[in-house]
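What follows is a short report on a single structure.
In this document, chain identifiers A, B and C correspond to the written order of the chains, with residue numbering beginning at 1 in each.
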Amino acid sequence: MEFFTQQLVNGITLGSLYALLAIGYSIVYGVIGLLNFAQGEVYMVGAFIGFGVLSGLGGPSALAVPVALALVLMFAAAALGSGMLGVLIERVAFRPLRDSSRMAPLITALGISIFLQNSVLLLLGPDIRNYESSSYIPVTSGIHVGFLRISLVRILVIVTAVVLMVLLTLFVKRTHLGRAMRSVSYDREAAAMMGVDIDRTIMSAFFIGSLLAGIAGVMAGLVFSRVFQLMGFVAGLKAFTGAVIGGIGSIPGAMMGGMLVGLAESFTSAYISSTFQNVIVFGVLVLVMLIRPRGLFGRREIRKV
Amino acid sequence: MSIGVDQWVETADSRRLGPSGWWGRGLHRWKSLPPWGRLAIVVALAALVPLFASDFIVRVGVNALLLALLAVGLNVSVGWAGLLDLGFIAFYGFGAYAFALLSSDQIGVHLPTLVAVPLVVVATGLLGVLLGLPSRRLSGDYLAIVTLFFSQIFLELALNFDRLGVDLTGGPNGIAGVTPFHLFGRSLSSPTSYFYLFLLVLTVVVTALFFLERSRTGRAWRAVHDDALAAEIMTVPVNRVKLMAFAGGAAIAGLAGSLFASFQLGVYPLNFQVQFLIVIYAALILGGSGSLPGAVLGGVVVAVLLDLLRDPGQASAAFYGVIVITLIARVRPWRRLGAIVGATVLLGFIVHLVATTLWPSAFEGEVESTGRLASVLDSWIVVPTEPATAGNWAYCALIACLLALPLLRGWRRDALVVPTLYLAAFVWETRLVGEPSITRQLLLGALLVVMMLARPQGLIGTPRVERV
Amino acid sequence: MSRSLLELRDVSVSFGQLKVVDGLDLSVEEGEIVSLIGPNGAGKTTVFNLITGVYTPDSGSIHLDGTSIVGRPPHEIATMGVARTFQSIRLFLNMSVRENVMVAGYGRTTARPWQSIVRTRKARREEHEERALAEELLSFFGQRLVGYRFDQPAYSLSYANRRRLEIARAMAARPRILLLDEPAAGMNPQETHEITALTSRLRDEKGFTVLVIEHDMHVVEGVSDRVVALDHGAKIAEGSFEHVALHPAVVESYMGKGATVTG
């Protein structure tokens, strides 16, 4: 039983991470109808930025500031850095190609993805960076109720993710910008005619999506410790899976989907096989694609002919 | 002249605009040849290569022909049918592994080549259909990621299959000891024989696809690419046609895979990573997506460039060569080109002079290239004794400049080009030359971005018009 | 009584809460030219989408020459004999004029990929016939789309020529019934006049049955054997042009309550 709850906690932690990334995909897809292929790389950069701040503050074993402050700084820096990177990507890859085929921005984003991965490799070298979160966040702290044992790191990740998701939902429903994003996702031309600044709205969507990815990157560092150049690739694929399962373009869908993927991965890895966990997650994706292509919360596309 | 027809309209052909000068005339002459004539000339020229070149060059040629074949296969699903098929590398890998299984000791099966290859091609085609089935209703982006995921899965399976109990794939070590092609009683062994085999296969495939492009299937594919819904309403069974595109591309990839496996005499999982998928895409995009000759050209050019990158001297020559060629091709009038080049050269010498005079010990590094080029470069580029840090900063500065360039206009842009060029050379000498595998990927990624933004139709493709 | 070529009975479809087509009965006899009119949003193009299989009706039946076509995929319905043009032109812009027309022959032809590659006699003959048919159909429009135009990409055509090409493409599907969605939209008066003559020629020379959506009443008047008026997804009038044009419900749907029209 203890093992089960452990996997459950793992799954929810992982799922929170994927959910944040998936939301990033969905927000961007919502406003421009395209996937930000480079999202995984933004996540990776966020993780590295977080590590950079960590090192700058003295490193895992010799933090010069209180742990809480360090974490806040790490998250903030990653959020800001990744957000700006996302805006840059939008300017370079997506805006010039806004009215061209579907393929052009995708291939461009693919190119950017490769370029980012290798730029980081060139500039920072191939060494794996290690957050060593156990050095400053004691492993034994956390909730300990009977057989339920959740470490502080995991609590931190889950709580942060939930808070972000709540804030985001409020943002989308209540704020002007959130409404603008929704209107652009329904009908860009009509939104433009109603006075919505399309460029700014799209840029904001990229900023928010990338910001979330950056925060997820730092979370990944805290939970898994290891941070490396290729971490964005598979994580991105799985987060996308979550976004699709939940219904691409839908934020609650992305949350659910990401969570599902995290749980699926955790349980598969524990009970079936950890080598083939990706294969199984992929299998789940294929199944969903066959049975309900628009996902759990996806909108049915009404084709105007 | 027929009654009622505008004379202007009638003489339209004579007013067709094209490039001028000797280049234009040559091009016109080339285009007026019948297709088989053009193919014959190209094949004949290619066939001459092994007669006059070393074994090493012949090997490069084999790689070029292989990449051309792959690009041509990718063109079917991506270029013609417009499906963003990122699973292509998995089809290639599947074909290679399947051939390896049928021609090695892995499962003890040794089928004759002429039996194994068709089997592999058909099997890979079926795999293409299999991947296409859940993807039928997916549009570009979904399809892209699902197929990309599939490629990832294939790689993981190839790496870990032995853990399922049956060692089908040899795990991380792959399958060695694949028997070479056995045709007409003889076993192919030399690079030259493989060169001619690959050339033959490529010629046959290109010819077949040439006819297919002009058939009802080819039209259906291109119609689906342009407007899938309209195509469906005009009697085209879009889902089935998409599956055929997947299958067609996959079959060609499978063929390429078996050729590769027999040439390399083995298959290893690392041959089929996503990095190589990017290479194939770069080849197709560079040459011209949607164009058969474009795919071939792109494959050859990218393969040759990548092979050149292995040797620092050749790589540098290629690097500077491409920059110079691009400048010459794109910067007009000549005065402007001269000003930019002159300013860049001047800047280099000045920086070199200033740096080596003021901080001689900090700039003792050497340029990596060899020969006469190197001696010139040595006085032009300043190479720090510790190249890495400076190189990294310069890299960031270079990226910033490249991003800023499109934002500027007129003389300001030209002015920025000068330090950008110098930075590029600096970064090349201090960092990129020393890291060939990273540089490969960087350049490929950059190629994809630049092509899509500046010339999406590639070198010899035709520009597409999209429905708004 | 012989059955109609196209028959819609009590067809309804809703998008979410909005009922776009409401209990529509519509029939078109073979050899007729019927016009479908109504203000914007009345559901006319939706009716076309229902007939061609893009949408599936929530209720009701659609029969083509006695056979039900509800629930069949669009390409099958097209092969059975329904072809259409689009309100916003949907050509295959990167394909040549001739190729655009030839695509519509897909459902009728059978050459398989391997046969096309190997160039069997049957494949070559089929290709030759399709080419000849395409060129013949294109010459229906005079000299505008023939000769060197055959190989020009469709994106190089003028607006009016694009509309003509779309009609040629629809004809190439060898339909029993041709659905034209606002063929005169965006045309100048001369071109509009041409479209009117063209539509009649489609029936008189080629024997097509035609169902036209049109806003331009001159075209409707000049072309129709019968006019059907829709509003809010339901039929509000049917009959000859004179009858429908002056029908109070029709006038109201276009002009609002209290409007009158002097004939």
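The rule is short, and it goes like this: a contact is a pair of C-beta atoms (placed from the backbone, for glycine too) under 8 Å apart; a residue touches a chain by one contact, two chains touch by 3 or more.
These figures come from a predicted structure and were not determined experimentally.
Core chain by CA centroid proximity to the global CA centroid: B. Farthest from chain B in terms of Cα centroid separation is C.
Centre-to-centre separation between chain B and chain C, using Cα means, comes to 44 Å.
The distance from the centre of chain A to the centre of chain B, each centre being the mean of the chain's C-alpha atoms, comes to 31 Å. Distance between chain centres (mean CA atoms), chain A to chain C: 47 Å.
Residue positions 303, 305 of chain A are each in touch with at least two other chains.
In chain B, the residues touching two or more other chains are 229, 233, 464, 466.
Listed for chain C are residues 54, 86, each touching two or more other chains.
Across the complex, chain C meets chain B through its residues 52-54, 73-76, 78-79, 83-84, 86, 90-95, 99, 102-109, 111-113, 116-117, 119, 123, 126-127, 130, 142-143, 147-148, 153, 155, 169-170, 173. Residues 78, 82, 84, 133-135, 137-142, 144-146, 148-150, 152-153, 156-157, 160, 163-164, 229, 233, 274, 278, 281, 285, 392, 395-396, 399, 403, 431-432, 435, 438, 441-442, 444-449, 452-453, 456, 464, 466, 468 of chain B touch chain A in their complex.
The touching residues of chain B, counted against chain C in their complex, run 2, 4-5, 9-10, 12-13, 208, 211-212, 214-220, 222-223, 225-227, 229-238, 244, 248, 462, 464-467.
Across the complex, chain B is touched by residues 29, 34-35, 37, 88, 92-93, 96-97, 99-108, 110-119, 121-123, 233-234, 237, 240-241, 244, 248, 273, 275-276, 278-279, 282, 285-286, 289-290, 293, 303, 305 of chain A.
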